[in-house]
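A quick write-up on the structure given underneath.
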Amino acid sequence: MAFLQRDPLELEPLVHDISAPTNGAVATFAGIVRDHHAGRGVVGLSYSAYEPMAEAICRQIVIEAEQQFDARVGLVHRLGEVAIGEAAVLVAAVAAHRGPAFDAVRWVIDAVKSRVPIWKRERYADGSEAWVDPTAVAGVVPAGIPG
Amino acid sequence: MAFLQRDPLELEPLVHDISAPTNGAVATFAGIVRDHHAGRGVVGLSYSAYEPMAEAICRQIVIEAEQQFDARVGLVHRLGEVAIGEAAVLVAAVAAHRGPAFDAVRWVIDAVKSRVPIWKRERYADGSEAWVDPTAVAGVVPAGIPG
Amino acid sequence: MTRFSVLLFARYAELLGSERVEIDLPASATAAELIDALRRMPGGALLPSHPFLAMNHSQVRSGQQLDPDAELALLPPMAGG
Amino acid sequence: MTRFSVLLFARYAELLGSERVEIDLPASATAAELIDALRRMPGGALLPSHPFLAMNHSQVRSGQQLDPDAELALLPPMAGG
C-alpha cells in the first residue's frame, strides 16, 4: 500500500481496507487545507516529499501504532497541488473499542507531523509563496519568496 | 436536522454539513455493530429509542460540545435493524485544529452512550435475544429471552 | 386520586407487558411513590428500586413531586452508541 | 578525498540551487563536517547549524561518521499533516 498519493484522498477505501467484523470502533482524522495561515490568506499549496524515506517512515509509524494500541491503522498523505478544503492527510484506526481507536489516530497524526519528510509550500493572496516551517516561532510569518 | 435515522448512516454528508474553509481538522467516530458481545456470537440487533427525548438530548449534547470545544459537531444514531459491520452511530467534529476536533468527538460519543435514551436488543447465534444493559457487571451475560 | 400515565421502553415495557401504563395516585405523588406503585404491578417486581424516571425529557429525583400533565417515562439503562 | 553525494529538499534545495550536491571530504568525515562544508557552499550560509541529516532514511548525529555509499539527505523541518 502506498502512503503517498497525488490524487484526492478518500476516507471510505482507507477505512474499508482495515475493517473487520470483530471491530466495533472506527476513528478517523482528516487534515484539511485551510484558507489562511499565520494571519495571511492562503489561495493554494503544494506538498513535496523525500518520497522513499516518507513511505518508509509512514510504514514504520503504522506498525508502531498497531503494536502500541491493538488497532489496525490506515494512513495516506497527499502530494502535489492541494486545493483549499481538500484533505492533505487521512488517518483511520479500527479497534474493538473506541479508546484504542481514538488513541491510535491521535498518535499517528502527531507522528506524521513530526517524523515524515514532507514539506508544504503555500501561495498567498498577495501573490507571494513560502515554505511552511512548523518549528518557526509562532506568529512569525515565514520569509516570503516572490511568487 | 434529525439525530435519529432508520436508513444506513453515511459519514460524508454528516461531515459536509459542518465543514467550512476556515477549518483544518475533521475528526470522526463510527460505532460499528460487532459479531460478538460478552463472549456470545451476535447475528443481528435492533435499536429502539424514546424518540422525542433522544432527539432533544442529542441536540443538547451537540450544543454543549460546540460551546465547550470551539468545534462544529455532527451526530446521527441508527434506529431499527442494524446488520453486523454497519454503523450504529456516527460523530464528526470540525475545528480549526486537531485537538478540539478529537476532544469534541470523544466527549460526544461518551455523552451519547450515557445520556441518550436508546436501547439495543441483540440476537445471538443460539437463537436467543436480550436487551443489552451496559450497567450490568462486566462479563455477566444479560438474561436471555427465548427468541 | 389523580391519573398518571407512564411510558415504558425496551425491557421495562416487556416486564410490564405494555408500552404505557396508567396509575391512580394522590395528586401530590412523588417519583418514588410512582415507582413503588409500578413495582407492585404484575411484572413490576423485576424493576430496579431506583430506575431512571423522566418527566418532560428530564430526569426526576426520588423525592420530586410529579406533574400529572407532564410526559412521564421510565427508562432502562441507556444502551446507545 | 572521497565524494559524498547529498540530496536536498524544499527550502534547502532552493538555498543551494540544486536538489543534489556533491562534496569531496576525507573518507572518515562526520555529519558535522559534511554540514560545515555545505554551509560554506554558495547559498549554504542560510542553512541552520544543525539541520536534519538522514543517512539511508535514518537521522544521523553530528559526530557520526558517514558512509559514502549511503543515501545522504538534508531535510528541512517536517511540515506534513
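For reference, chains read A, B, C and D in written order, and residue numbers begin at 1 within each chain.
By definition in this document, a residue touches a chain if its C-beta (ideal position, glycine included) is under 8 Å from a C-beta of that chain, and two chains touch if they have at least 3 such contacts.
Because the structure is predicted, anything quoted here is derived from the model rather than measured.
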Note the shortest touch-path length, in steps, from chain A to chain D. 1
Taking each chain's mean CA coordinate, chain B and chain D are separated, in whole Å, by 51
Just the number, please: Cα centre separation of chain C and chain D in whole Å. 74
Between chain B and chain C, what's the gap in Å when you average each chain's C-alpha atoms? 26
Measuring centre to centre with CA averages, how many angstrom lie between chain A and chain B? 26
Residues within chain A bordering two or more other chains: 31, 109
Pairs of chains satisfying the touch condition: A-B, A-D, B-C
What residues of chain A sit close enough to touch chain D in their complex? 31, 47-50, 52-54, 56-57, 77, 88-89, 109, 112-121, 131-135, 145
Residue numbers on chain D that touch chain A, as the complex places them: 7, 9-11, 14, 54, 57, 73, 75-81
In the complex, chain B residues that touch chain A: 11-12, 19, 21-36, 84-85, 87, 96, 98, 101-102, 105-106, 109
